[in-house]
Amino acid sequence: MDPVVLFFLLGVIARLLKSDLKLPDALYETLSIYLLLAIGLKGGVELAKHPVAMVAPQAIAVIAMGLVLPLLAYPVLRFLGKFNTFDSAAIAAHYGSVSVVTFAVGLAFVIKQGVAFEEYMPLFVALLEVPGIVVGILLARTLAQGSARKKIHWGALAHEIFLGKSVVLLVGGLLIGSFAGPQGIDPMRGLFFDLFKGVLALFLLEMGLVAASRVTDLKRAGPFLIVFGIVTPVVFSMIGAALGRLIGLSLGGTTLLAILAASASYIAAPAALRIALPEANPTLSIGAALGITFPFNLTLGIPLYFEIAKRLHF
Amino acid sequence: MDPVVLFFLLGVIARLLKSDLKLPDALYETLSIYLLLAIGLKGGVELAKHPVAMVAPQAIAVIAMGLVLPLLAYPVLRFLGKFNTFDSAAIAAHYGSVSVVTFAVGLAFVIKQGVAFEEYMPLFVALLEVPGIVVGILLARTLAQGSARKKIHWGALAHEIFLGKSVVLLVGGLLIGSFAGPQGIDPMRGLFFDLFKGVLALFLLEMGLVAASRVTDLKRAGPFLIVFGIVTPVVFSMIGAALGRLIGLSLGGTTLLAILAASASYIAAPAALRIALPEANPTLSIGAALGITFPFNLTLGIPLYFEIAKRLHF
Amino acid sequence: MDPVVLFFLLGVIARLLKSDLKLPDALYETLSIYLLLAIGLKGGVELAKHPVAMVAPQAIAVIAMGLVLPLLAYPVLRFLGKFNTFDSAAIAAHYGSVSVVTFAVGLAFVIKQGVAFEEYMPLFVALLEVPGIVVGILLARTLAQGSARKKIHWGALAHEIFLGKSVVLLVGGLLIGSFAGPQGIDPMRGLFFDLFKGVLALFLLEMGLVAASRVTDLKRAGPFLIVFGIVTPVVFSMIGAALGRLIGLSLGGTTLLAILAASASYIAAPAALRIALPEANPTLSIGAALGITFPFNLTLGIPLYFEIAKRLHF
Amino acid sequence: MQTHPKKLLVIIGESALEKFLVRDIKQFGAHGYTIADVRGGGTHGTREAVWEGDRSIRMEVICDEAVAKKIAEYVLSVYAINFSLSLYFGDVTVIRGDKF
Amino acid sequence: MQTHPKKLLVIIGESALEKFLVRDIKQFGAHGYTIADVRGGGTHGTREAVWEGDRSIRMEVICDEAVAKKIAEYVLSVYAINFSLSLYFGDVTVIRGDKF
Amino acid sequence: MQTHPKKLLVIIGESALEKFLVRDIKQFGAHGYTIADVRGGGTHGTREAVWEGDRSIRMEVICDEAVAKKIAEYVLSVYAINFSLSLYFGDVTVIRGDKF
């Protein structure tokens, strides 16, 4: 287990013991802005080195996966989990989208394992944020009955999703990184690269505090969601790993795509869905994504997905 | 164009597209405190290496320039621009004073060009902050008619200007840097020097968001101010470059003095003038300084001023 | 005098001159969280290298000192200073506990002197935070008369003290550092180690602003407290130095233990006592700890305690 | 000094609503608003503002009684079903009656 | 639109009191509260919120008059001796009377 | 429980005014004040608090009616011409009447 995960545990324990420890709101914001930008920059610098013709087909395949995952999750939630249309769609959207911080921890893990990986993977993070959310909203709006079957305001929806903080910073970082190239970014590496792991540790401390505060949500959500929050990432990781192998990713890249598939969004998705799908109860989706799946991925999931990827790269 | 400018563009675009991206207020404050202190420290460390007898005459010439520039701007604004006394004086004060962030971007530019420069230039930043503001206020208070011709409270005015955040941090940094010397500051270079360019990038992202939010101000201000916001820096840069040559600065130093002359204050001046000259409409001066001159200097201005300086250093 | 102390002076002067300089609340919080975590991590990494059998006896001796110091301070405050039971006990608690920032400045000092020290000293910081506070509260609650002699809610008290921000972060850092070891922490050194001194400087700037704002408190507190705030750290430093020698610490370690003994808490103690001993006037204890003892230790105290330690290590 | 009676409408709710509320109150004729970041608790549980989805705002609008009522009815009907939201009215007086 | 009269109780005090006040108001039957970080000054001097011990909060509780009075009496008797604390009542009206 | 009627004066304006307002209200006899950082919009446009010149504060003063009126008149006459500024009065009651 990477030491950064210990910071997450510290946060969880502090909160469960009702410690007064609290990170200022502005610090939370700052750290998340930093992580998004830094990941984008890192990916952008690498992206510039690769021909579009090579990356484009992979990108399309990855987007396709982002569209399919929520479609798999929805019926399970709706018919096995007995959640209503809105909640099922919203939870599906969270699991269809991705968690940037889980990716960052995965990155640290892959680097530590010393295996090769496609350094432009942050591109896939940006690409995977959006489709899951869009499909989730479409599901809810087309399957809802009666008055709830509102028309979708496509303009407002596109705005909410594509101009949300996380997409803007990730894509902005990717573009700046690929325009500026390694030499252009080099004078900024003191901030954006050298501090990365430490900032990630600090952010995980905060996420531990937040995740532990969601425990009561889970009690209300019931056992089905807890099981769902563990089984879904494992199943999705296999899909991600298989696709990674299929599109020719290296072992590290396959692991990271598995991690992305397994991760559930808790920055972009909650923000967009609160506006686009207010009928859904955010307690359920955030409780599962943050209270179950995130800690699971951090501790047991990531090493497991690495094993899965290894099997495919015998 | 330096990659840091891309961050500024990202901010501008995000805001114009009405993205939700917003940096926390406390981060903005923190970054500006950092930049002021870091620039001061850097200059102070270098200042300690130079004999006062060499720097003092240059300093006096630079202060003189700071007193003259607003006197040149005022009549243009008052008689060509038809602004009232207060607004003319306030805008003149902003353009007489300097922008620390423009200087920082100029520093990055000069370093990238690989030309020599006087490393104690931050001293001139500190010296140039104040005179323009004082002259602006004097202009308004002596030229205003009737009841608006209030007595100036010199004590309060001096307090407002010399004890404002930016002067205190710049001068404080200069003093600490020159007391502590290179060896004393060395253990802090991890924070104050290695992160400098990255922090500047982050700050420019924020400034892009702010500058773009001033676009509506400009509409109200009219075309004259837009032209003024581009012509003034070019003209002032020539004065700055000429003075730089005259007082014996190197090519890099000349470029930086041109940049300082061309830049318009948007930290120290707005704060001081809001108190000392409340009759002036801040929308006009900040709209021009931040909405026009700052972006112009960042993108086209700085390379142009470098060319001008080169002509003088054939 | 270490250059970081110049930042403290800058803060003091800025505040006394009524400058507008103010660090955002969230920055203050962030810096203090950083310092506590970084000190903990640093100590934890070193702690892992030493056998428990060696450190444990030292730790017990140090805790014992933490229990004794407030018992020495109390009668002086109560009978010489004529403070009431609550105020005497509260001030004694502050001086029995320790100041993490004073320790950090001491660390920088010892490193600069180039003398050896036990790198697991942060363990002693964590151990010394609590006993002084507990003894102070016990003193007040057992010696108070009449209705003020309330029962102590041990559970609530333990919670308040052991789960306060500073103990959680210090101990959390120690544990993470010793679990992860040097290699685990290495990728985070960019944030937690390389920036340490710079962050300390920034924090001292803030502490200068805060300390100077306590000057009016001191006027109300009277001359006795001012004398107390200088004499106590000197006397306590001797006790700390003697104990350091006794338990076999090196010259640097002895100096640091003297510094710890001499320092007065202004993060953990005020927070815990405001809840556990609300009858005490916080103006007195914080005024003395922050307005007198902290600046004294920073400027004159630390070099003096080094001299004392040297005498014992002839 | 002449004063004019006005209504103070206070809306406390999830910060995700901010931009919609600003748009709405203008549409109903309010001339201004003031927003503070807050935390709190109510029938929808505790909102501690430790995290983006967990932030709340307190919006204060001074306006004519009729405007306040229209805003309140709209806000309750549109947002209160799905969002944490509280709302109350107070009586205030102002000096510059046409400003509000 | 039917409105119901309620009391607004505002408590301004040291932020160290936050968790106790939240516990107390619930015990006396209030259904919710809203807290903002503030700075200020009063008979106990200036509190500028530059530093942990120096922070203040402003807590707002909408409730029935009887509840407001009980909370106020308790808070004054327990905390006001040792803490910087101010407290006042206002009259407000709400639409969903049983929510508060 | 005996309560005393007081005036609540709320001033919302540019944060550059903070130190002057604090000085002024004391001069007119107010015993205390509470300030929160806010954002908002009004006749002088939107103030989003994203930037130093763009910040606003909300100051709350509990005092006697006469004091409130004097402060309000002074503030309006001195600052309202050149600064974004709003101001309103409310009626409140307090328990410790001589504290305010």
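Before moving on, here are some points about what is shown:
By written order: A, B, C, D, E and F. Residues from 1 in each chain.
The working rule: a residue touches a chain if its C-beta (ideal position, glycine included) is under 8 Å from a C-beta of that chain, and two chains touch if they have at least 3 such contacts.
Predicted, not measured: the structure shown is a model, and the values here were computed from it.
With steps allowed only between chains in touch, the distance from subunit A over to subunit F comes to 2.
For the touching copies subunit B and subunit C, the fraction of interface residue numbers used by both falls below half; the interface is of the different-residue type.
Fitting subunit D to subunit E on CA positions gives a rotation angle of 120°, reported to the nearest 5. Comparing the CA-atom centres of all chains against that of subunit F, the greatest distance is found for A. Ranked by how far their CA centres sit from the centre of subunit C, the chains are topped by D. Inter-chain spacing, taken between the CA centroids of subunit C and subunit F, is 40 Å. With each centre defined as the average position of its C-alpha atoms, the distance from subunit B to subunit F rounds to 34 Å.
Shared interface positions of subunit F, i.e. residues touching 2 or more other chains, are given as 36-37, 90-91.
Residues of subunit A in contact with two or more other chains: 22-26, 29, 194-195, 271. You'll find the chains touch as A-B, A-C, A-D, B-C, B-F, C-E, D-E, D-F, E-F. Residue ranges on subunit A touching subunit D, taken from their complex, read 22-23, 25, 28-29, 206, 209-210, 213, 267, 270-271, 274-275, 278-279, 282-283, 286. Of all the residues in subunit B, the ones that touch subunit A in their complex are 2-4, 6-7, 10, 14, 17-27, 108, 194-199, 201-202, 205.
By the touch criterion given at the top, residues 1, 3, 6, 8, 22, 31-36, 60, 62, 90-96, 99-100 of subunit F touch subunit E in their complex. Residues 24-26, 29-30, 33, 37, 159, 163-165, 168-169, 172, 175-176, 179-180, 184-185, 187-192, 194-195, 271 of subunit B are the ones touching subunit C in the complex. Of all the residues in subunit F, the ones that touch subunit B in their complex are 14, 16, 37, 45, 48-55, 79, 82-83.
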